[in-house]
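Consider the two complexes below, in which subunit A is the common component and subunit B and subunit C are the respective partners.
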Partner chain A sequence: MQLNLTYTFPSKLKTTSFVLMGLGLLLTILAFVFDHGPEGAAHGEYNHTHFWANILICAFFFMGIGLGATFFMALKYASEAHYTAAFKRVYEAVSDWLWIAGPILVLVILLGQFHVHHLYHWMDPSVYDTASPHFDNKIAAKEGYFTPWFFWLRTAGFMFVWMWCQRTLRNRSLLEDQAGGTLNHFKNVKTSAIFLVFFGFTSSVAAWDWLMSLDVHWFSTMFGWYVFSGIWISAMIATLVIVLYLKDNGYLEHVNESHIHDLGKWMFAISFLWSYLFFCQFMLIWYANIPEEVTYFQNRLETNGYKFMFWLVFFVNFALPMLFLMSRDAKRNRRFLITVGFIIFIFHWLDIYMIVMPSTVGRNPGIGIFEIGPFLLFLGGFIYFVMGKLTKAPLLPVNHPYIEESKHHSI
Partner chain B sequence: MSNKKIINALYGDDDILMSAVKKTRAAGFKIKEVFTPFPVHGLDHAMGLERTRIAICAFLYGITGTCLATLMMWYMMISDWPTEVGGKPNFAYFYNIPAFIPITFESTVFCAAHGMALTYLLRCWILPGVSPKNPDPRTTDDKFVMQLEVKETDVDKVVAMVKESGAEEVKVN
Partner chain C sequence: MHKEAAIREPLILGEVSYKKISDDISRPIFGKANKYWWILFITSVILFMWGISCLAYTIGTGIGVWGSNNGVDWAWDITNFVWWIGIGHAGTLISAVLLLFRQKWRMAINRSSEAMTIFAVMCAAIFVVLHTGRPWLDYWLFPLPNQFGSLWANFNSPLMWDVFAVSTYFSVSLVFWYIGLIPDFAMIRDRAVKPLMKRTYKYLSFGWSGRAKDWQRFEEVSLVLAGLSTPLVFSVHSIVSMDFATSVLPGWHTTIFPPYFVAGAIFSGFAMVQTLMLIMRKVLNLEHYVTIKHIEYMNIVIIVTGSMVGVAYLTELFMSWYSGVEYEQYCFLNRATGPYWWAYWSMMTCNVISPQLFWFKKLRTSLMFTFILSIVVNIGMWFERFVIIVPTLARTFLPSTWNMYSPTFVDLGIYLGTIGMFFTFFLLFCRVFPVLAQAELKTIMKSSSEKYKNMPAAHH
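Moving on, here comes the complex of A and B:
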């Protein structure tokens, strides 16, 4: 049987991704031009917070997909999983996206350091100055942690190591196709193990730095895992949807129902992980009811008008996978997987929106061109880049040591 | 009176067992039971067993657990002796629901797990004092037994077929 190993990027999908990017860019520019801020704000005083908050949401959410795929790739190397070998190239291509989205996120945060946007309250030097009317003793107490050199060492360092690990794993995987043998595979196992340890600590710290610090007076030790589980599931949905798309178009002959079932299980299981962490964070803070801890939920549930959206995000991301993906047959049914996948993909974006918006914009701005524009722009870019990367390598890693096992995967 | 015989075929490998099970069924004989030391993936499908209904039991036991926990907490914390913890409202179950979620969850899992285990033991009749149905103690270590019930007239044919499929020992009784 002649295998269909090389993916060609169909021009129709290419056009779709360009349309998405074009439409997204147009809406983003329109949003920026017509963004005058709250009524009564004097000219020049408004910093387009609504616009920049949305850029941050999309930059983080889409960076998370690449990072989640990198984590998944490392996890599968370190645990020496065999079943993933048949669709390995798909999540590898998704993880390559980290090289685009990672620098974009760092750039967006860097713009804050140069006061282009004012999303991060603590980037304003006057809050550390006792003589200034803006002096904030709670933030000043954290000055050591937020000192620019230390913050940027963390931000740039984490991103650099993640991207470097991603590139190393991917390159060795491609080299294996040419060279054969198991040397590259076992080198990758080692790199993955080191990456996972590094990632375990840094993913939490990065979530504090980039998202939790938007609520600079607030802290939660659960926050890092909660954000991490969100990015992990987004990456799994992206992988699953691309695998199903490729299968529909006659690629990935060796991916059988059992592989799809396993990917469905990941989507189902990580939804529970996310719901568990969401609820843990909420319930402990709600129960203890300590003023300095409840501010986060106060902003989302009591003031600002996010109450409905807040609970909607939780119930959709929890109940939808639970009800529709619990049975074995549903996890093997592409229609169920795609429908649930698309909905919770949007709702995990909305989860990042729930983290960022109330802390930056304040009152609920709703969903409009500000939100849809950047989302479409990033989505189009994601599709264009990842599908382009899929053409770069054979869809089956022919010299992967577990490829035979993966072909006969059956559960 | 009985014109049926039990054939126990002993195998040494799960792959050989699987192919033997498939061959035997393809030849039109019904497999009574297979004894294995560990779960063999896909064996239930190959044997043509009906899909297990234990998932339905699990759901019912789980729902029972949810209801019992809710009833218990509502009675203790709201109805019988309203208890104020940390200034939380205690006049309606709904207002305090986040605090009740962990116990509801635990109770659901507890009832579902224990119910399933007990159902399994009763349904398979694995109880203290019951003599084992296992035809050969080696199936608890490293051997596999396929058990067939066939008509006396078919015995020779089946024994030959089973031996050909890779059985190490065949016993007819």
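Moving on, here comes the complex of A and C:
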């Protein structure tokens, strides 16, 4: 049997991705143009916070998919996993997306440094100035940490190392197709171990720097791990949906039901991990009710009109996978996987929205063109880029040392 | 058909056959104990007895005989409780989580680490039962029909959640462990010659017949129990951590506690498994089953969980500064430089720095080094709990309440007693139970043993 190992990007899907991008761009521009800020804001004082907050949400969420796929790729090298070899090219292509989304996120934050937007309160130099009416002694105490050179060393350094590790792993994987042998594989195992250690430390710090610092007075030691679990699940959903799409279109014949089942398990398990971390962070802060900490949830539950959305995010992301993906049959059923996958994909985007919006815009602005525009723009870009990357390499890593074991995967 | 990649290292070394596996695993049960076993056993029993005397003294006199005082009202009792509960975690992780991940190497170590779990939880239970002060009233912890006036279990208290979490954990682990033992008991029954022994193992194996239907039910129950135990790996130590984290004390109230306690528990559990396994494989001649590769895998788990604990320590330290809350800041300053600085730095050295040595392949495949480090890690993890509890309580918000804590001989006695009890039970287990899951090992013999892996394909 001749396997169809070369993916061709169908023009229909290409058109769809362009339509998404075009529509997204149009809505984004419209949102920007018609964004006059809250009633009564003096002309010139409004910094399009609502607009920029949405750009940050999408930039972070979509960067997370590429980063999560890179983490998964490294994890599977380090843990000697065999079953993932059959669909390795899919999450490799998703991880390549980090090269687009990573710089975009850095750029969005950089614009804040140049005061194009005012999402990060601590980027305003007047808060450190004792003479200024904006002086804030709590932020001033953190000046050393938020000094521009130190902040940008971290931001740029983390992103650079992540992207470099991703490129190294992917290149060696492609090289292995030509060269054979196990040398490249073992080199990748080593790089993966290094990446995982680096990522283990930096993913938390990045989450504090880029998201937690939006609420610069607030702190939670769990925050980094919580954000990480959201990144991971989004990457797993993206991988699973693309695998199912490719199978529907006659590719990936070597991916059998057991592989799909395993990917379903990941979606199920990481959803539990996310829910566990969500619950622990929320419950401990709610229970102790310490003023310094509880403000974060007050802003989301009491004062700004997010109550319904807040609980919806938790219950959908927890209950949906739990109820619908518990059984073995459901994890092998593409309709279940795709439906649950799509819904929780959107709800994990909404999770980032719940982190960013109340800290920046304040009062719940609802879901409108401001939100939908950038989301469609990024989604279209993601589809166009990742599907394009899939055409660049054979869909089966023929010389991967576990490939035979993976083809015979049966659970 | 299953096909294993050539680059995977074999998990069973040397000459192997179904019969040989049965022979090797039943040998300690039919044979006689050697001198070393008796020395270890008698030492453990003496420690155990000493512990029981201290325990009786505590019950007879009251917990005033401990070093705990008005400010430091939790000290060795809770430190030891958390330490033992943590050690128990590796067993459940190996038997449940690694089963779901289909890690074949778990089959050589799951039986004894599950046994370890059961014994460790029993040790832990002693401390929580005792620390209530009047252990004869401990049944009040359960929501019984209310005949005690206005007394009713307070479900808002994490201490209450602990009662349910730990007892659920114990029962599920026990059932899981026992179910796995059934076919292995049957193997011993079939080989036993003495009538009493045959009869005993017959009852223990629940009349296992080895029919296909038996196996099918066995597999199904194992999978269901693995599914049930997996959340327990997380829930038990999360809830233990909430005993601290729901409070408003700086150093106790921090949101990272639940996952960080879970990682720490697995870390210390694997260290204890290493300590026991390295002795057991030698004494019972099981080197072909518990290979250097197994030791290496466990050491890798130790690096991973040790690093997670390290990230959590640094996160806490950083957040205490970042929070800008002076009480938080003082708490960590006090831990690192206050009167108990030695405990803090022992913890940091043993838990964060020393496991990083396992990055060197030479060290993580060295038996002697692994043995020493496994003990170092357990010392470190004991200090971790001590650091969380004692220095924090010794210096709370009001300086006039500050006071120091030092343990009495009774504290020490009960602690050593639980170590004695743990080893007494474990040594007995090694003599009468099949210490490796032979039925499971036989399933990987043809795919993962050295002999079969080296055979030309046609002979499989």
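As a convention for this text, the second predicted complex is superposed on the first by the 411 of 411 C-alpha atoms of A that agree within 3 Å, B and C clash if a C-alpha of one lies under 4 Å from a C-alpha of the other, contacts with A are read in each partner's own complex, and residues count from 1 in each chain.
Keep this in mind: a residue touches a chain if its C-beta (ideal position, glycine included) is under 8 Å from a C-beta of that chain, and two chains touch if they have at least 3 such contacts.
Please read these numbers as outputs of a predicted model, since none were measured by experiment.
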### Task
Overlay done on subunit A, so just call it for subunit B and subunit C: clash or fit.
clash
### Task
Considering only touches as defined above, state whether A:33 meets subunit B (first), subunit C (second), both or neither.
neither
### Query
When both complexes are superposed, which of subunit B and subunit C contacts more residues belonging to subunit A?
C
### Task
Kindly classify A:411 by the partners it touches after superposition: subunit B alone (first), subunit C alone (second), both, or neither?
both
### Task
Once the structures are superposed on A, label A:131 by its partner contacts, choosing first (subunit B), second (subunit C), both or neither.
neither
### Query
Which partner does A:182 contact after superposing on A: first (subunit B), second (subunit C), both, neither?
second
#### Entry: Stretch of subunit B, among 56-64, 128-136 or 164-172, that runs into subunit C once the two complexes are superposed
128-136
### Summary
Interface residues of subunit A shared by subunit B and subunit C, listed 283, 287-288, 410-411
### Task
Going by the contact rule at the top, pick out the subunit C residues touching subunit A in the complex.
1-8, 100, 102, 231, 234, 238, 242, 245-248, 253-259, 307-308, 311-312, 314-316, 319, 322-325
### Message
For a test of understanding, state which residues of subunit B touch subunit A in their complex under the given definition.
### Response
41-42, 86-88, 98-99, 101-102
### Message
Per the contact definition, I'd like the list of subunit A residues that touch subunit B in the complex.
### Response
279, 282-283, 286-289, 410-411
### Message
For a test of understanding, state which residues of subunit A touch subunit C in their complex under the given definition.
### Response
80, 82, 138, 141-142, 145, 182, 185, 197, 200-201, 204, 208, 217, 219-225, 265, 272, 276-277, 280-281, 283-285, 287-288, 290, 292, 401-402, 404-405, 407-408, 410-411
